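Two complexes are shown next, each including subunit A; its partner changes from subunit B in the first to subunit C in the second.
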Partner chain A sequence: MSFLNLDHLQKSFGSTQVVHDFSLSVDKGEFISFLGPSGCGKTTVLRMVAGFEEPSEGRILIDGQDVTRLRPNQRQIGMVFQAYALFPNLNVAENVGFGLKVAGVPRSERASRVAEMLELIGLPDMAARFPWQLSGGQQQRVALARALAPRPRVLLLDEPLSALDAKIRVSLRNQIREIQQQLGITTIFVTHDQEEALSISDRIVVMHRGIAEQTGTPPQIYNQPATEFVAGFVGKLNLFDATVLDRASGLVSLAGSEIRLNRPIPPGRVSLAARPEGLVLAETGIPAEVTGVEFLGSVQRLRARVGERDIVLDRFNTDASLPQTGDRLHLSPELSRWLLVSHEQ
Partner chain B sequence: MRTGWNWLGVLPFFVFAVLFLVLPTMNIVIGAFRNPQGEFTLANLAGLSAPRIVDSFAISIRISLASAALGCLVGFAMAAAVVMGGVPAWLKAPLMTFSGVASNFAGVPLAFAFIATLGRVGLVTMLLRQWFGINIYAMGFNLLSFWGLTLTYLFFQIPLMILIITPALEGLRREWREAAEVLGASTGQYWRMVALPILFPSLLGAFALLFANSFGAVATAYALTGSSLSIVPIMLFAQIRGDVLQDPHLGYAMAFGMIVVTGIANLAYVIMRSRAERWMR
Partner chain C sequence: MKRLWSWGAIIAGALYFLLPLIGTLEFSLRMRRGEYSLDAYRSVLADPAFRATFGYSVAMALLTILLGVLIVVPTAYWVRLRLPRLRPVIEFITLLPLVIPAIVVVFGYIRLYNTSSLLPLTGSATGTNLLLLCGYATLALPYMYRAVDTGLSTLDVRSLTEAAQSLGAGWVRIIGNLILPNVMGAVMSGAFLSFAIVIGEFTMAALLNRPAFGPYMQLLGANRAYEPAALAVIAFAATWGCMGLMQLISRLASVRRTAR
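Right after this comes the complex of A and B.
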């Protein structure tokens, strides 16, 4: 039995439905990311779990207990907001100890737990500082310590890194993941940044217009995107105009070359697609005309035209000379990494 | 030269401050220490110890404290109800507009409005007596009294409080309330441990402003009570008009006394504020 269950959640504000039939089972200790563009309903689902929004339909269970009608202060949940949520009138130690204080934990016990938490986030010397004296990254670490101090059952993070510099964002996301694994706490992490979600999650829920489009591990989401939206939102995707020759055996033709997918093509409208790093140059095959070359250090990025489509091809940097704009090359059809993405209705 | 003509921009401010603030204040302070012949004296200040004048300071301060405290309390509760969503949102704009008008509705019109409603033969007084058999004057109420004046002052103190505290309430971030709540705090704990400490400097400032506002409100008091309640501004007014003691220099001394009271109130405010803001810059 999973630890956190979101059971057919729906949410409408007035007449607009922003969450449609959202179901998810999270195991104890699992790190789940909600990934999707702004406005797709990630925060709304998270706020229903925290208890700030009441679902229009559906139930929320934590460890078997139905918490759907409980107030936020009865749910034992830890939450980290996007920014500026530390209490400005309290110093770091008082912020971290807040949840323990309102729960009536004695002073000495509180002090040792606060010290333990500050150690955990790597800010043991900051206890007496006030929030305005901290950098944005430090503030978010203190917010994490504050959320974790009362030993919540579930940790919710709503885009906790989006207000920070790119460099701190990367180091802090790794630190969040380390702490999460160390404590083994069940976590939902909301982000619109696909790299963030791919790098630290056990599983990702890709959301689009209030719907969970696909749920899976980072490799599943990236390598086997279920829909065109997922494929396009997570990573870069090249689409091709191919013609189906045989659905059952998965045979298509693209610009005169036959491509064997070795799996049946699902019914409905599908597109042939490939990631930039999944395309390989060859002596013969699908003709492509180079329209631009970018040298990115470890990677060479070629822009090319295949039929009516503009595509991008990435390859590792080698000593070989760079192709030039206007060069006519060929893409290999012998590829195991062709993708089939189905279109939305 | 970089030190060119920038000072010209603030010149109007300094001219204004000197003409309307510094010079009159100097005039009062100097006048308080001079006799009619222009010689230095402490007699004017000694005159302040006359029982009438001491009483008038005492009652002024009490009325100002009472109307500031009640104004803060009621105004804060009303502003909180609007900002926190206890009151329908469409009510907010009319309430703020009304507050803007009412906070300036002092002086003679306000006094007459109150006499016409709560005076001895005022509309509300009569209605209460005839419809409900309640005679508020028989119960000890008197508009021309301490509570009468305090009540009247509240008519502009409450709106003023609403005007100055609403922005502070709107500055409370939703995340603070939600973070407290999800950490297990009750609404009372949130207010006690987070919201009120954050608002405290603003509340203190509002209280000081309301105190000064009623301490200096002469026209309302004069029109309302005539000379039946001797608060400082009325005594002062009388001194300046010359109908009671006919000693303008005692008037200077009283004005000096008012400056001192207001100064002490401001000092107390500054000290308490700097303590309350220890968590800020």
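Right after this comes the complex of A and C.
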């Protein structure tokens, strides 16, 4: 039995249903990301776990205990908000110690735990500062320490990095992951940034219109996207107009070239697709006309036209000379990395 | 030219407020013929009725502030947190005391709580004091509510509440330890106005027949010449003094905030 169970959760606000039948099992110590565009229901699911919203249907279990009807202050859940939400009238030490004080932890024990947490987030000298005397990144680290201090059973983070600038975002996300692994705390991290989700998660739940479209490890999500939405939202994706020749053996034809996928094609409408770095140039194969070239340092990016479609192809920067706009090239049909994406019904 | 006008406006305003004050002060010092003296003040301060009524009103003012804070802070907080769409309605209700004369409120009280009613509050001194306290709290409500609501608007009430809840805190702790300290400045300005209103209030205290400072001033004014002026100056100074004290206390309590 997994540690955190979301069991067929649904949520409606008035007559609009924003979360449809959401189920998820999270193991102890696992780092899960909810990834999806704004408005897809990530925050709503997280708030149901925290107890700020009541599910219209379904149950939430933590360590086997049904917490669906428990109030937020009874759930032992740590929460980090996008807007930090530090208590402005309390200094850093008092903020971090707040949950311990509520729990009735004696003063001396509290002080040592606070010191330990400040050490953990790398701000041991900031105990007496007030929130307004800290930078955004420091405030968010204090918020993390505050959430972790009472040893919650689950840690929830709702776009904790969105308000920070790019450089701090990257270093702080790595720090969050390090701390999470060090403490082994079960964590749900909400983000709309695919790079963030791919880089630090054990598993990702890609959400779309209140539905969990796909749940999997970062490589699974990226390399084997289950739906067109996932494929398009996570990473760049090129779609091709191919014709199915044989579903059972996975034979399709694209611009005169036959492509062997060596796996059966699922029923329904599917598209042939490939990532920019999955395409390879060849002497013969699928004809493409270069429409633009970008030099990105470690990578060269070609824009090209295949049939009616515009595609993007990335390749590592080598000594080979760059193709020019207007060049006619060929894409190799013999790829192991062709993707099949199902269209929504 | 524009400059001139604004200076003119400032001077006119200052004269409007200061002249009566200076006039009253000057008059209060003229009890002894031909020279300035503090005789009027001596006379007032020596009057046991002054001490009794002034003490009574100060106590009532402090209780009014306490009651106001206890009612207004949780209400304004709850409205912002859970009933944001009702805010205009609540605001309208809190403004009602400004348009309903105090005399109407008091007569309402007397009708509702007279000695032959279910809750005969006017039958005892404690009961009547309680009624007067409620009346004062009503009078102070518009100022208190506005001040606190403005204070709350500078906070992210929802996030703070949820952060505290996820850390295990209940409502009393959230309001007492997080919300109230963060709107203390606003509460203070509301308290100042409440204090000023209660100290000089006449109608309610007179009709409920309580020994408050307002009726005492009126009584003295009807019977003496110089003492009422001295009394007015004392009341004015006392109000500002009390407020200064409260400001100082709240400043001291939050001095850690600004200290590095």
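Heads up, the rule we're going with is that the second predicted complex is superposed on the first by the 344 of 345 C-alpha atoms of A that agree within 3 Å, B and C clash if a C-alpha of one lies under 4 Å from a C-alpha of the other, contacts with A are read in each partner's own complex, and residues count from 1 in each chain.
Simple rule for what comes next: a residue touches a chain if its C-beta (ideal position, glycine included) is under 8 Å from a C-beta of that chain, and two chains touch if they have at least 3 such contacts.
A quick note: this is a predicted structure, and the numbers were derived from the prediction, not measured.
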{"item": "Fit or clash - subunit C, subunit B, common subunit A", "value": "clash"}
{"item": "Partner chain in contact with A:V206 - subunit B first, subunit C second, else both or neither", "value": "neither"}
{"item": "First, second, both or neither for A:V18, with subunit B first and subunit C second", "value": "neither"}
{"item": "First (subunit B), second (subunit C), both or neither touched by A:F98", "value": "both"}
{"item": "Partner chain in contact with A:I60 - subunit B first, subunit C second, else both or neither", "value": "neither"}
{"item": "Which of subunit B and subunit C A:I259 touches, first, second, both or neither", "value": "neither"}
{"item": "First, second, both or neither for A:V45, with subunit B first and subunit C second", "value": "neither"}
{"item": "Shared subunit A contacts, counted only where both subunit B and subunit C touch the same residue", "value": "50-52, 71-73, 75-79, 81, 85-89, 91, 98-99, 102-103, 130, 143, 146-147, 150"}
{"item": "Subunit A contact footprint on subunit B (complex, rising order)", "value": "173, 175-176, 178-186, 189, 193-194, 197-198, 279-281"}
{"item": "Subunit B-facing residues of subunit A, complex", "value": "50-52, 71-73, 75-79, 81, 84-91, 98-99, 101-103, 130, 132, 143, 146-147, 150"}
{"item": "Subunit A-facing residues of subunit C, complex", "value": "155-156, 159-160, 162-170, 173, 178, 181-182, 254, 256-257, 260"}
{"item": "Sites on subunit A touched by subunit C in the complex", "value": "50-52, 71-79, 81, 83, 85-89, 91, 98-99, 102-103, 128, 130, 133, 143, 146-147, 150, 152"}
